[in-house]
């Protein structure tokens, strides 16, 4: 199969899915008595400068969340616990950064390290439980989510700083803030510097997965656990390692925002990114580039949807319908395309064999 | 005998079924009389399950005719089969634990008698009539294996089956349960039901069957009546009466020990003994064949040597090194090649390209890896080498493994496992399901490697293969080594007897 | 083709179900009806008001709806017009800011954030629009050392109102055992708890008060009816016969729990007179509601802008100026209004000091 054709195949599934999602969303909007055209006009209008910056920033967060989920998925580990892992890690990192035990950028670095460690440790619990006790990671990570979120709430109430009706951790000192670049006017806000973490994470994920032995073992285990075991992969070790890595990356999810805008953990903490990450990982087929496309799409839809309630009578919830349908349609479309592709490959193999035979036959007769 | 078609519940005539690269069934002829228990026996891989799928409408035959009650029919689906009065009870039960007996029976057949009192009455009636003793309102999770099996049978009766296919029904039962099952079958038979009983346990077949059909290598090779046939004769029919002549080439066996198992036993977590006191020695240049009816410990033996399963007692030594506690990867790195029994589950990543499959099992070794990195170009080059040397028919190294035929997949596996000059090869059914050409090629490769000093443990159900390749043959029965033969002078009777345990009874 | 028909049927049902949530102006949720009718465009040349609701939005029969009531009054009395935005669960902080900026860019003035969660966003946005007046209901200035001239923080003496319904609960309980369900365990909701407990104890110090928060810090606790129901059901099972909720949209779950607990089990509503918006079933169990007159505050803010004297800084609405109170709809507490009003007088006069923290 030619490269062009293969590439075309790769695009076919997501494009079909997006088209299906647009169609269904339009039907839903029309049935509810609003104008689908109006909806798409708003969604596809050029974002304002500040919205553009927001899209870039949100993409970096969602992308990290997607990577965290994808590492588990590549091994058929359903880490639903990204949510709890990054909540706990964000709180821990914000507390450390706010305490300002270290000066300037060292403070940032140490906080990032702590975020990774806390996220990894929290995910590691689920990994160890699975390996030693056979507890499904789906169950344990859901439980750990609830525990993490409640625990953070408790710690925040207990040790946080009261400001008006809100509670937050100590604010990060000026020297340890990493705002980023202002591509437009200052009120439009910065593109967060720590968004680079997402870039590094993406490249690291790609290299790890495609270039290293560890990545091969991980993919092999995901593709066929029985074959991986026969090939000498210690699946238990892989489960724990990949949970640790998944959790470690999860720990970084909110860091760009913490050091770029929020400066403390409090009411401005952005929840639910862990679940968005799962959807984006599914959407992107657990591939670094695919997840990026998914993250951009989700960030774009989220940010653009803000205008819906202000300018139309369409609920911003509609965008969640669109997102949900896209994910669902992508999963279906990929399977259809995969089967089609296998068929094509099989045909191509047969053709090669036939061509072989005729070539040999001719050689003999000649 | 009055050859009126109506006394024959099922007639299969000249059935043939091909899969890409393999002939699963050919020239199958079976006649099953109404109101009898008809046993279908044969080794695993003899084509029984394909045949059953054809009769149950799961697969369509490429040729031949299915005649039910005197009429030729086309079965497109299990629904068709049920409509024609054919029901099947699979080896693995398909019951919902948290539902009652009644609910399980009615599930999916709600249209017959509804789900209320009418259904309950019917289920109770059927249960009484055939002596199943099932309470319609009991939860399935409270029931044992024997009762669950009766529910499965009840399910097909409820759907109106007159002919019932039982796929290895005794495999999951303890002896008392087997007796109870046979009692049920006799009652069913009296009520004019026809039973097709699939098994490879000869004692049971002789105890229950009215007629016996033997399958080997995809076709029916003989018919028998229990009264007029001995266990030995059946075994012989199963494994083939003419044994191939062993390889004519001279022995390459050296006196250097490559693999040694010393008193190895494996006990599963529930305390069941899987392997008992196995002692084996394989020398460099020697092929040790392991014969046995499947399920007698072959898989466990292979897994214990590969480190996938740990020996509960005893020692495994590779050369002079004790590797009992080593992990699979370490064993592979030490030079053990492994051709698994089921290449799809254990040997290949079907949805990955060929070059990635070349890496599998060699993740830590050149030329496919360098340090912590995967060497893609190295892997591609070496895949090309295997394609060339082992004649794997594929357009390129980037083709997905799934697209290849079974024979070509297996050649890839063999080529891979022969890479890097292994010291020991564990070959489990290395030519199962491959076409004749590929089979010959694989045998040739194993012979050549043996000449170069490779030690081979060959597990196979194919006696051509066992006798043609092995320097020695050991027989596994119920997890024990029960006999040893020299392939040059072994008789089918001896081999069959040892494999079916008759050997033990005699001694 | 039966299968495809079935798939089509399921698909159609799903699409119809989704269509139900596609509009954001559906009043109330489901059967409960009686939500606020707000027609933003009905006004005239009065102020153009930007209303930014919190999670839950219109139809929560509580906090956000109360703001809408105040808005409707401004439409009628001041000829105001308005636009509405609504926070999504789990949205980015930047989305809140963007919502406010869009309103400011659209020349809306005043812009009112409903809910303290807008405090940070308003603090970030207000300096860039010095001509626009902002208000945050329940809000606070997260950077007190850099006060904003154009922001009003509309606070309430929730503890005082809660004290009164605490008195009602204490008078009405037969089990001497009552409960409190908070949406999120923060300083704001703790005020409700503190006042309620004080009110109960003022009548009878021996009455047991159970306290539960649905979430510790996650704001989803205000939009989690299932969580509210579980919390309240636990209290009824444990012997409490009256449960007061300060949980926003989660409160409907508390009412459901009271209905299921049966005769003699009561719930107390919050923010608006929830008897009026409840279902027929629930009405039989809603003893009273603590009124937090977000509508009064909202209207006040709009009026101040219309008058050219916009409110700024902290504003507190208390019992004295009818910013908080209790409702009597349903008539279940008509026999004890004298007692409650007695306490109310004492609070107003300063004779009774209600604590703000538990």
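Chains: A, B and C, in written order; residue numbering restarts at 1 for each.
Convention: contacts are C-beta pairs under 8 Å (C-beta built on N, C-alpha and C of every residue); 3 or more make two chains touch, one makes a residue touch a chain.
Remember, predicted model here, so these are calculated numbers, not experimental data.
With centres taken as mean C-alpha coordinates, the chain found closest to the middle of all protein C-alpha atoms is A. Distance from the centre of chain B peaks at C, each centre being the average of the chain's Cα atoms. Separating the centre of chain A from that of chain B, both taken as means of CA atoms, is a distance of 43 Å. The distance from the centre of chain B to the centre of chain C, with each centre set as the mean of the Cα atoms, comes to 68 Å. Centre-to-centre spacing of chain A and chain C amounts to 34 Å, using the average Cα coordinate of each chain. Chain A has no residue in contact with two or more other chains.
On chain A, the positions that touch chain C within their shared complex are 24, 27-29, 31-34, 50-51, 54, 57-58, 61, 149-150, 152-154, 156-157, 162-168, 187, 189, 257, 261-262, 266-268, 270-273, 276, 302-303, 305-310, 313-318, 321. Looking at the complex, you find that chain B touches chain A at residues 306, 308, 327-333, 338, 340, 345-352, 356, 359-361, 363-364, 369, 372-374, 393-395, 399-400, 402-405. Across the complex, chain B is touched by residues 210-217, 219-220, 223-224, 226-234, 338, 341-342, 345-346, 348-349, 351-353, 356 of chain A. Here chain C touches chain A in the complex through residues 15-16, 18-25, 83-86, 88-95, 98-99, 101-103, 106, 116-117, 119-120, 128, 138-142, 144, 153, 184-188, 215-220, going by the rule given at the top.
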